[in-house]
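As written, the chain order gives the labels A, B, C and D, with residue 1 at the start of each chain.
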Amino acid sequence: MTLPTALWTDIALGSLACIILLSESLLGPRLRKAIVFHGAWIGLVLIGILTVCTAPESEQAIGNYLIRPWTIPFRLCFCIAGALSVLLSRNLLSGTGHTHRRGLLVSGGVHIFLIICSTLGMFVVTGAQDLITFLVGIELATIPLYVQAAMLRDDFSSEASAKYLIIGSLSTAFTVFGISYLYGAGNSVHFDTLAQTLTADKHFAWVGVIFVLAGIGFKLSAAPFHMWAPDIYDGAPPPVTAYIASSSKAAGLAGLILLVYGPFQQLGADLENIFMFLAIISMTIGNLGALRQKRFNRFMAWSSVAQIGFVLMALTGGDLAIPSIAFYLLVYIIGNFIAFFVVNCLASNRPETFSNMRGLSKQSPLLALCLLISMFSLAGIPPLGGFFGKFELFLAAAQPGHEHFYLILFAAINAVVSLYYYMIVVKDIYITEPTHADNSTCPAIAILPSQRLTLVVLVIAIIVLGVWPAAHSWIFTLAGS
Amino acid sequence: MNLTACLSLSAILFSFGIFGLMTRRKIIAMLLAIELMLNAALINCVAFAYYAPAGADTDVGSILPIFIVAITSAEMAVALAVIVAMYRKRKVIDIERLEDLHD
Amino acid sequence: MIESSWMILLLPFISFIGGILFLHKQPKLAAGFSILCNGAAMVMALILAVGFLSSDDTGYHALAHTWSYDWFAITDTLTVSIGALLDPISIMMLVVITVISTLVHTYSIGYMENDASAGRFFPLLSFFVFSMLGLVIAPTLVQMFVFWELVGVSSYMLIGFWYHKPSAVAASKKAFIITRFADAFFLTGIILMATQFGSIGFDAINQGATAFSSMNTANPSFSLEGGAVQVFTALAAQEGSAGFLGLNLLSWATILIFIGGWGKSAMFPLHVWLPDAMEGPTPVSSIIHSATMVVAGIYLTARLFPVFAVAEYTLSVVEFTGAITALFAAIIACTQRDIKRILAFSTLSQLGYMMFSLGVADMEHTAGFTASMFHVFTHAFFKCLLFLSAGLIIHSVHSNDIALMGGLRKKLKGTYFVTLLAVCAIAGVPFLFSGFWSKEEIIMAAWSNGHQCSAIIGLLVGGLTAFYMGRYFFLIFHGEYRGDAHHLEHAHENKFMLFPMVLLAIPTIIAGYPMLTGHTFFNTVIPQATLPTHPDHSASWIMPVAIAMAIGGLLVAWLKYGRRAVSFDTPSTNIVYRCISNKFYIDECYIFVTKKIIFRCVAAPMKLCDDYIVDGIIHSSAAIMRGCAAVIRHWQNGQTHVYLGLMIIGLALLAWFGGAL
Amino acid sequence: MPFLLNCTWILPTLIALSLMFVPKQKVGVIRGMSVAGVLGILALVVSLIIAFLAGDYASPVGSAETTLAFSYRTPWFEAIGNQFYTGVDGFSLLMMLMASIIALCGVLVSWTITDRCKEFFILLFILLAGTFGCFISFDLLTFFLFNEITLIPTYLLIAIFGSGKKEFAAMKLNLMLFGGSALIILGMAGTYSATGSFDMIAIANNQSETLGSIAMWAFPALFMGFGILGSVFPFHTWSPVGHASAPTAISMFLAGVHMKLGGYGCLRAAIYLMPEGAQEWMPLFMVLATISVVYGAFIAIRQRDLKYINAYASISHVGLVTFGFATLTAVGLKGGVLQMISHGFVTAVVFALIGCIYGRTHTRNIDEMGGLMKKIPFLSVCFVLAGFAVVGMPGTSSFVAELTIFIAGFSGSLDDTLRLVCGALCISSIVITAVYVLRTVNSVVHGPLVDNGHEFTDARFIEKVPLIILLTCIFAMGLFPGWIIELAEQSLTPVVTNLGR
């Protein structure tokens, strides 16, 4: 039987993982660095291109594995996030002039291998057609992250991974418990049959739904389940933080959409209220948490909690939700990585707090401009991609039949609050004068050529996404079919 | 023995897990508690498969627990590895003392 | 000649633009240029007047719409246009304004001789003349309002001419704000007239009003065209309706418009700015605050007389304010020490005369209207003469205070003679002088029209006027010199200043005679009114009583101030005297109202409300958010158990929120 | 022709980009390019107006369809129904003319800025691009997008180049304006959910059956959203703080054009799209407008700082604009439009003067100044003329506008007592305006000279040019308002017919 073209990407990803593992263990130091590092990010980029080229028009099923057209943008996001995370870990690997403040990763190759495994897990999630594959995909996506979080030799990293581990396994317990109840209520594991049998009057169904949502809530760091995010973002090594912040959220969202438009179809209005509840709490707590933040990583954690609040709001709407979330994720991931790249260049020789970033515009205007663009894209300021991304989330919540106008007003006001703390960052780098203590200690900022190139590419990408409608209409046509 | 009896058993087991997780100070003990909760899910699946109405495919009920066990073991292996590495370096196993990362 | 009336309007404007832009460094050139322009305007105005008088058609249709330029359209029916409407009273005012402005310009050459900023004075004066002329020939209410404001601006600039003097600056501000306050009501009145009665043109309104008033009287109504039809129907429509607070719409509109005149002509409550306006140079006071600007209110009432007559209460309001102001100002004038303030209060009381004489007239008995216009005509000349002579006196004695003058008869012979003429005119000395004729006309009209109490007030004020003018005259020219001897030696009469005063003396005497020749110069503005026969002399006793009051007043003044030396050093302890000399403390009330009530009790609380309530809410919302942020950061203390606990509570919340539904 | 129209926002963006590559030290080149750019924009707008007047683009009476001149329509993010739909009618042309003139004067006034002047002009041109984009776009989302583009440069300009507590002021200004955008987003979400498209003209035309009940709450959201930008009463507190600490050119542009963007949005997006909503909610907004008119005037009396006085004066005059709109009559709307244009020029010239005076006396407190007429006659005469323009003397543009608004207040039947009371209060505001204007003029220009030791000369040529330009605009519009009124009236007929429906 001929393999459907869309499956090639998954296979390519698996083989890339094996190649990386083999080259890590077998090859000599010089060749290993080339294959492992460059091989990985080039491979991921190629796989990203491959998913775009082999995007199926209609659903292609291979046994229990279903490639849906609307998941292609999500897969693209996973590949991009993976590649960028690999690039970001450049100065944590051995053999480069600029060593990072927190030392080197325990083993660069294993770190990259785990990134690719996690990406493969996310591909599996998007391809799942029944609860079992879904569960396996979710676990394959999260477990490597526990190990990656512990990759650095300092106390923070190990403490972060321990906490992440415990909270993660609790959420797995919730998911599994939920799945068992779903099976109980729907007497089957397959999504299509579940879609018919899971009706709103079945109490088991509701217990299952609640527990599964709790598990996925952890993965998205939505409000009641967000407490782990600031600590783990702060403790984990920078590329892992970036990867968690962008890719694992995307996977969680893909899974959530899969469930909401798959088995939970008939639960309808009550589900919308749950998402409204989650959205309101995440937005508020995320914004309030980020208001007084002084350290960059924790700031990004709280801001990602707030962003998830906006995304969940879109889920309360009708059919516009899927494409708007896909587009928003693409822009959000690029914006996030720009911020992490800039801070990574900064943080290689001083702790990444806002007071150290004062006067950045005078020290290196390029980094300051990139951080400004990423902050304004996250805030949703027009010329950048973030504007249309965030605006479509508002429109998604206003679909005919599913209007939630109070929610939109609440979200719009929250957007204003979120603008305040993104502007605080811009104020620090452009306007506040560095106090004498800050700039005396930090030497000039050294930027690796590869990281400078990726920054420029990402900035151009985010502006083009905001102005040129090609990507936007591609995602919407895919989601429409 | 009927469905509700089994379900109540697993629910009790689940709540034991949660109670253990909340009160234990040692990380290994907390992992143990999580293991309890995962096993509760197993009992659920088997119970539903056994008491499933006619016509439903009951064999799924047995495949699902196997996957759950596999996943649990994978997770616990990774967990123990991480915790052992941490113990070797920081000589601390008490979760209350892991509070360097705070706001 | 009628078609070229826009030239009269344009000449002063050219002198203003030329003077301000090019000549403000050369005073002499500026003075020459402005006199040339104003003189030409005067000549054209005189030719216009003569042409109009000689033409036999003195009836209503003598109205001439010479030209009009559409300025801008507000609604499709209502377009604001600039034009000229020439009829007896506007031509009379044209003559008065241009004659007085030319004489004042020549006088100013002498007055402003050693003043550095004279180059700025003449153009500003011409700007005032331009705006006054525009006001007078305005065919529509809006154009009158436009030039009304420009007159306010020019009076602000001229009063505050010596801008380094804080008192002058304060006086100009006060004048502008009070007139602006009255203009707000005026604007409301105009807008009511424009929107509710459909027209702002004077002839349309007046024709509609007369047709309406003659509808319920005997003679038949005549054909109407254009705007008048709308006005007529609107008047008929709102006739019976008891509008807002008991007054119907027409009364409201006309009273509001009259309040505009009230402020500009400084009637009783709003008069406080006129005495302070004396801070400006004396030529300014002579032209603005004696002859032209302050008459604008009376001119407005005269122009809209038919509508005012139709409205129920308006004319009685006019009469009441006129009488009160006349009496009130005359009393104060008797106790003032600053000679310019004496003349200012005398102007106020004469304005009161003119206003109440308009008030006593109505559509049938228009004698009051003609008497008032006649008094405007005569009063302009002798009051301007008085101010010019006061200017000369101040110039030579270097002070305004009457206590530092006395016995100037020997030094200023020319001024002495001319001021004597003017004092006799204003006091109402019989037969020879114009003042007597016009004042007597007013009292006669009031009595014959049934307004007895106004007539009696008129007589009383006549006596008071004679008294304070006599006091003014004797204290300055008779008795010994009380001032600084040094100034007395080289007090001289500058020829530039004396020549216009002498010229003005002529009309002071002969201005009264046109009335005698029975020529009804002024009544033609009333359309189709019955030609007022010479006012019936039923009350023949009024003439002798008026003469007695005038002569008596002068005699008492001579007895009190003329014969024996008067000392000013001991301020009189008499309570009433001190209250009157302080102008009944009305200025203090105004300051109290503005400072204490408006600034402290209205503006200040608003500012506090803005700073603390409106702003407060916004700042407090930010503070609340900061508080919640602190709470959230407090719970993020790194303890894993806390995180797990919150996750489980979150699960419970989700279950309650989801499940409960 | 449509390309020329789009050039109005492409040109400033190009200039902003090209300025980025000019080295920081070459201040002369930067200034030269900026002036050339602004002159180019002005020439572009004037040629557009001439072409508009030449061609007959008046929308036929009785049709609710605005006929757009030089319209250009391409699908942009059409997945959500958004098109890049630009065109222009009389009303937006007038606003563009005013914006370009004020921009020119703004650039001339900021001739003295030396440090970081490259960033200054780059941000100024981005602001210009956003503003012009707003005036020509007829798609609700594109309009909102350009409106948001203008907010960030304003923040950076005030925060970097301002004075006094500039960060606080800039942040407060920006957050409140974004609060306004939040409300606009709500309104747009409402219209989108009802009609599924953002095309203003399409929505306005067949809106009767589609908007229905949504209009009842979408209208206040949109009107108040743009009202915040136009500093309507409860949300006006950003403008005094913002103007006082903004640099001269920015406070000119902010008060002169940016606040008018609010008024433009109110008319174009709120009243034109949802007439029923307008009828329903207008009493509330009329009361708010009257409060901001009287309230602004009274507080201006108590202020001591020149910029605060002018800021509160702007609140009072812009309140008149909202009052004009609130009467929902043809005259009222036209009066509002005229007042927007006239107040744009008036407030720009006053801020320019305050900048010049501050440059000399280094104080903005009116008690510490006095008698400047003697030392700087040219500036003092301009100050007196500007004062009369603020008071609304005939011959200045504000008289024409205020007269039209007051007439709108009283036209029609007089049984609507609320409108009468508000109309009377607005007319009374001309007295309060006279009080604080004269108090300021007297204490700054007249009176004995207060010499606080600064040696200063009269206006240099570069300072005289903007003042002369703006004053001629004020007096030209005051004396010959014919063509402006005709342009405004033509473009408002569709709105009025829509209201009549």
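In the analysis below, a residue touches a chain if its C-beta (ideal position, glycine included) is under 8 Å from a C-beta of that chain, and two chains touch if they have at least 3 such contacts.
Keep in mind it's a predicted model, so treat the numbers as computed, not measured.
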Report task. Kindly work out which chain lies most centrally, taking the average of its C-alpha atoms as its position. Result -> D
Report task. Any chance you could check whether C-D or A-D wins on number of contacting C-beta pairs? Result -> C-D
Query - Separation of mean Cα positions, chain D and chain B [Å, integer] - result: 65
Report task. With chain centres taken as the means of their Cα atoms, state the distance from chain C to chain D in Å. Result -> 38
Report task. Take the average of all CA coordinates in chain A, do the same for chain D, and state the distance between these two points in whole angstrom. Result -> 42
**Report entry** Centroid spacing, where centroids are CA-atom means, of chain B and chain C in whole angstrom
**Finding:** 97
Query raised in the report: Residues of chain A that touch two or more other chains: which are they?
Result: 163, 166, 170, 230-231
Query raised in the report: Of all residues in chain C, which are in touch with two or more distinct other chains?
Result: 633, 636, 638, 640, 644
Report task. Would you pick out the residues of chain D that each touch at least 2 other chains? Result -> none
Requested in this report: Report the residues of chain A in contact with chain D in the complex, numbered from low to high.
Outcome: 320, 323, 376, 381-383, 387-388, 391-392, 394-395, 397-400, 403, 405, 408-409, 412-413, 415-416, 419-420, 423, 426-427, 430-432, 469, 472-473, 475-477
**Report entry** Footprint of chain A on chain B - complex, ascending
**Finding:** 7, 10, 14, 17, 21, 27, 30-31, 34, 37-38, 40-42, 44-45, 47-48, 52-53, 56-57, 60-61, 63-64, 67-68, 71-72, 74-76, 78-79, 81-83, 85-86, 89-90, 95, 98, 100-103
Report summary line: Per the touch rule, the chain A residues reaching chain B in their complex are 131-132, 135-136, 139, 143, 146-147, 150, 153, 155-156, 158-163, 165-166, 169-170, 172-173, 176-177, 179-181, 183-184, 187-189, 230-232, 234-235, 298
Report summary line: Given the complex, residues on chain A that touch chain C span 163, 166-167, 170-171, 174, 206-207, 209-211, 213-214, 217-218, 223-225, 227-228, 230-231, 269-271, 273-274, 277-278, 285, 287-289, 291-292, 417
Report summary line: chain C contacts chain A in the complex at 625-626, 628-630, 632-633, 635-636, 638, 640, 642-644, 646-647, 649-651, 653-655, 657-659, 661
